[in-house]
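Below, subunit A partners subunit B and then partners subunit C, in two separate complexes.
On to the complex of A and B.
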């Protein structure tokens, strides 16, 4: 089956005073219909910029450049004009942001913010849009939607606001939702509820989801496949099961080891990956993880490791597997 | 809301009373008095004058007498101008200053905000640079330079507008043009700079990113999502500024011979004209208090997170 989204050699670079920041560096992946893909990585690994690049939300100009291909429904979005992208955004591809406290306009009623996106993309009357807004709030589990639809964002809790953001995202029936850390700003019990909601809606609406997160726990229960990002590159691709059972890249291993586990026998300090993620300016020639890697070899600092394929959609960029995997 | 407004208005009474009290005693601490002249006035004449204005009584009695007359709406006689009372002077000139200020503020709001918001939106473009250059000019060139320059070119050189003569003669309304524009220029510039900065700030907020992710058009985002937030800092600047403008702009009023209230603020202090000083202080305080209330009401309208009850 043809994937609904194909990203090929996506590069996003920012020109800054201290040099060129390669926030997204040659990223390729694809996404099937109805699939949930997790993009995992720590802060500054380029996950958010990647999502923004796909959406065409970056102010492309003399300091920001995006190249590569983003094939979405037979069209390459990278080549499209802003006017075309405005018709895609919110309608075909919707985005859910990290911080629901600041992502809704504090000056406008919830109803206004829900109605405007439907009026923009769908041929719908104001009254019908409002009725649908109430239905959407009902669907996303906002209590008393009829009474509360005209309230302002500050009258809702963080979890409720994220439900409103989700209602907004699904309002025009998008075929792809990019959820950028949708639960990071929420406390743990609310996180679970919001993920459960996304799960339920995904099945009901048959949309594909790219879930950008740094939380492997969120990935485990939700994603079909996972890509691990490090300093702007995808270093490992795997199905969720494979990733948790048999992580290949030392970075992925480190990430998994640093999750606190309720059933763990081991007491004492939680594992952490030593060092800091590199600055995305003037990256070294070799593997960017090499300075923090416990399995580091001589070739690691010389050149970036080539791809090692283990099976279809299962590969890793690491010198440890350079020789044996491709045999 | 209306309950809140009434409470705030009632609250101004004690505030004004405190201002009156402090001011009454403070101005008497300043050296010199209303009847000091270069040549000393003979002792007996001075005593007669002081007796006429009750200045020979103990200060507490003078204060009580002043508050009593104030309660009946009388600001007392001027110590300097014997022919009219303070109220007559002030309330005759205040409307002229207010007309001048309101027209200038209207221009400042319309041109300043719209050009500032557009400059912020079109940040780092030719429009932005050229308008901000003009704004720097407007902020830094003082009105006592602008006024005479305008007068020189528009009146003397080109004969388009009258130099002065507030609303009088055949020129009529045309006499307003030069003083209003000269006064407005500075405020157009400041408003533009303020609204440019606040627009840029709002444009960087998360909720504008959301609006963009919804595929909304730039003009819709600007008017519906950006404007309200961008206007908040303008509202707080507007209050005290407009209060100061309403109570007279000495320089502009002097240059264009506008019969406004501004001159009394300056002259009364030089003259130690105690009652006139008190009158100007009371008027300025009242206007300032009203403006601050207005700002709070505007805030309540703009920002739903603020509610008064």
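On to the complex of A and C.
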């Protein structure tokens, strides 16, 4: 089956005073219909910029450049003009942002904001749009939707606002949702409610989801496949089970070992990855993780490791695996 | 009732050295209304009559969701926010009625680490001067007498202690990464040789790999200097790893308290159970099998005092009794107490507080 989204050699670069920041550096992946793909990485690893690049939300110009292909349907979104993207955004690809406090307009009623999107993208009357808005709030679990639809964002709690964001995202029945840290600002019990809701909606609407997060627990419970990002590159791709059972890249291994767990006792010192993530300016040749890697070898500092394929959709960029895996 | 039983409880723990004893501490914030003349129209009952004791070397985790009062509770211990009622005994002295001047020598012993390493450091001061500031203040207030060179070498020592190179002394906060800034915050907190560190979400803003470094540092410092911590966090995995005792707060009250392993393995309060079941676990196989205990609705606004149990409205096991009667904290085992009527039938009431 043809994937719904294909990203090929995506590069996003920012020109700054201190040099060129390669925020996304040669990222390729694809996404099937109804699939949930997790993108994990620490702050500054380029995951959010990647999402923004796919959506065409970056101000491309003198200081910002995006190259590569983003094939969605039969179109390459990278080549498209802003006008075209406006028809895509919100309708075919929707985005859920991290902070529900700042991503809703505080001056407008929830109903206005929900109706606006539907009127923009669908041929629908104002009254029908409002009825659908109430339906959507009902679907996303906002209590008393009829009364509350005309409230302002500040009258809702954080969890409720995120539900409204989700209602907005699914209002035009998109085939792809990019959720950028959708539950990071929420408490755990509310996070559980919101993830439950996303899961249910995904099954109902058969939407594909790209879930950008730093929380490996959320990934474990929600994603089908995971890509691990480090300094703008995808360093490891795996199915969720494979990644947690048998992580290949030293960074992934370190990451999994360094998280304390709520479900079991850990004795002794917590494993740590020494050092800190590199600045994305003037990255050295070779593997960007090499300075922090415990398995570092001479070739690691010379050139970036090629891809080692273990199986279909299971690969890693690390010199440790060299050619053995490809055979 | 609460008071009498608290005394009974304290009798049990006289064996080891008590450092801090909090009794029925409440914190209230007024809700103001009116455009010109502000008047109080109500109160936010942020912390409602909580009690706990800290022994030397304890690492007590205060957990709960946002708005449950954990930060207010900690800040009122350090007198950063005024307490409404109750008492806080520091080595036997009630510190709440003390004046600013009387408080000075005690403040030195209780230091705080803040959540956000970006806003808790003055951007116009160098790392060295940030760490030295408490020392200068205590010099000025004649609580200490350190010469300039003594202070300088102390700063170097502190920086090495928290894993920062002393060469960075003259750098400004923006030149450091988040993890390094948190180390500066920790060095500042340690500068006066405190006994108790109150860490308010000290690792929450950090990335996973950096978080592990800071957690290890906090644990090492605790062992090296026999520190006592109050560790406030919403990340239960971190709390399980670092603490030896945990108090779970909900809507201003401590609903359950116990030894960390005991509490995590055998949570009793319906809220604690729901909370623990909501924490995602980084293991896909376990995640697919786990049963979550869904919590309906949200934490209600703490603008009124509850006659009964604070968790009544959202509790799956609520009974008629919970509505009108406050569940007192009953001792289930030596190191496990829970405020829930469900479990009261199982305990010997003479042991309750």
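What we mean here is this: the second predicted complex is superposed on the first by the 322 of 327 C-alpha atoms of A that agree within 3 Å, B and C clash if a C-alpha of one lies under 4 Å from a C-alpha of the other, contacts with A are read in each partner's own complex, and residues count from 1 in each chain.
The rule we apply is simple: contacts are C-beta pairs under 8 Å (C-beta built on N, C-alpha and C of every residue); 3 or more make two chains touch, one makes a residue touch a chain.
Because the structure is predicted, anything quoted here is derived from the model rather than measured.
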item	value
Side-by-side fit of subunit B and subunit C on subunit A, or clash	fit
Vertex subunit A; arms to subunit B and subunit C (CA centroids, nearest 10 degrees)	70
Touching partner for A:221 - first (subunit B), second (subunit C), both, neither	second
Partner chain(s) touched by A:42 [first = subunit B, second = subunit C, both, neither]	second
Touching partner for A:152 - first (subunit B), second (subunit C), both, neither	first
Larger contact residue set on subunit A - subunit B or subunit C	C
First (subunit B), second (subunit C), both or neither touched by A:168	first
Subunit B versus subunit C as contact partner of A:192, first or second or both or neither	second
After superposition on chain A, the shortest CA separation from subunit B to subunit C (Å)	7
Footprint overlap on subunit A, where subunit B in one structure and subunit C in the other make contact	none
Complex contact set, residues of subunit C against subunit A	65-66, 177-180, 207-213, 215-216, 219, 234, 236-238, 240-242, 261, 264, 274-288, 292, 294-295, 297-298
Contact set on subunit A toward subunit B in their complex	55, 57, 85-91, 94-95, 97, 99, 102-109, 116-117, 120-121, 152, 154, 165, 168
Complex contacts: residues of subunit B adjacent to subunit A	205-207, 209-217, 220, 224-225, 228-229, 302-305
Subunit A to subunit C touching residues, read off their complex	42-43, 143, 157-160, 187-193, 195-196, 214-221, 240-241, 244, 254-256, 258-263, 265-266, 269-274, 276-277
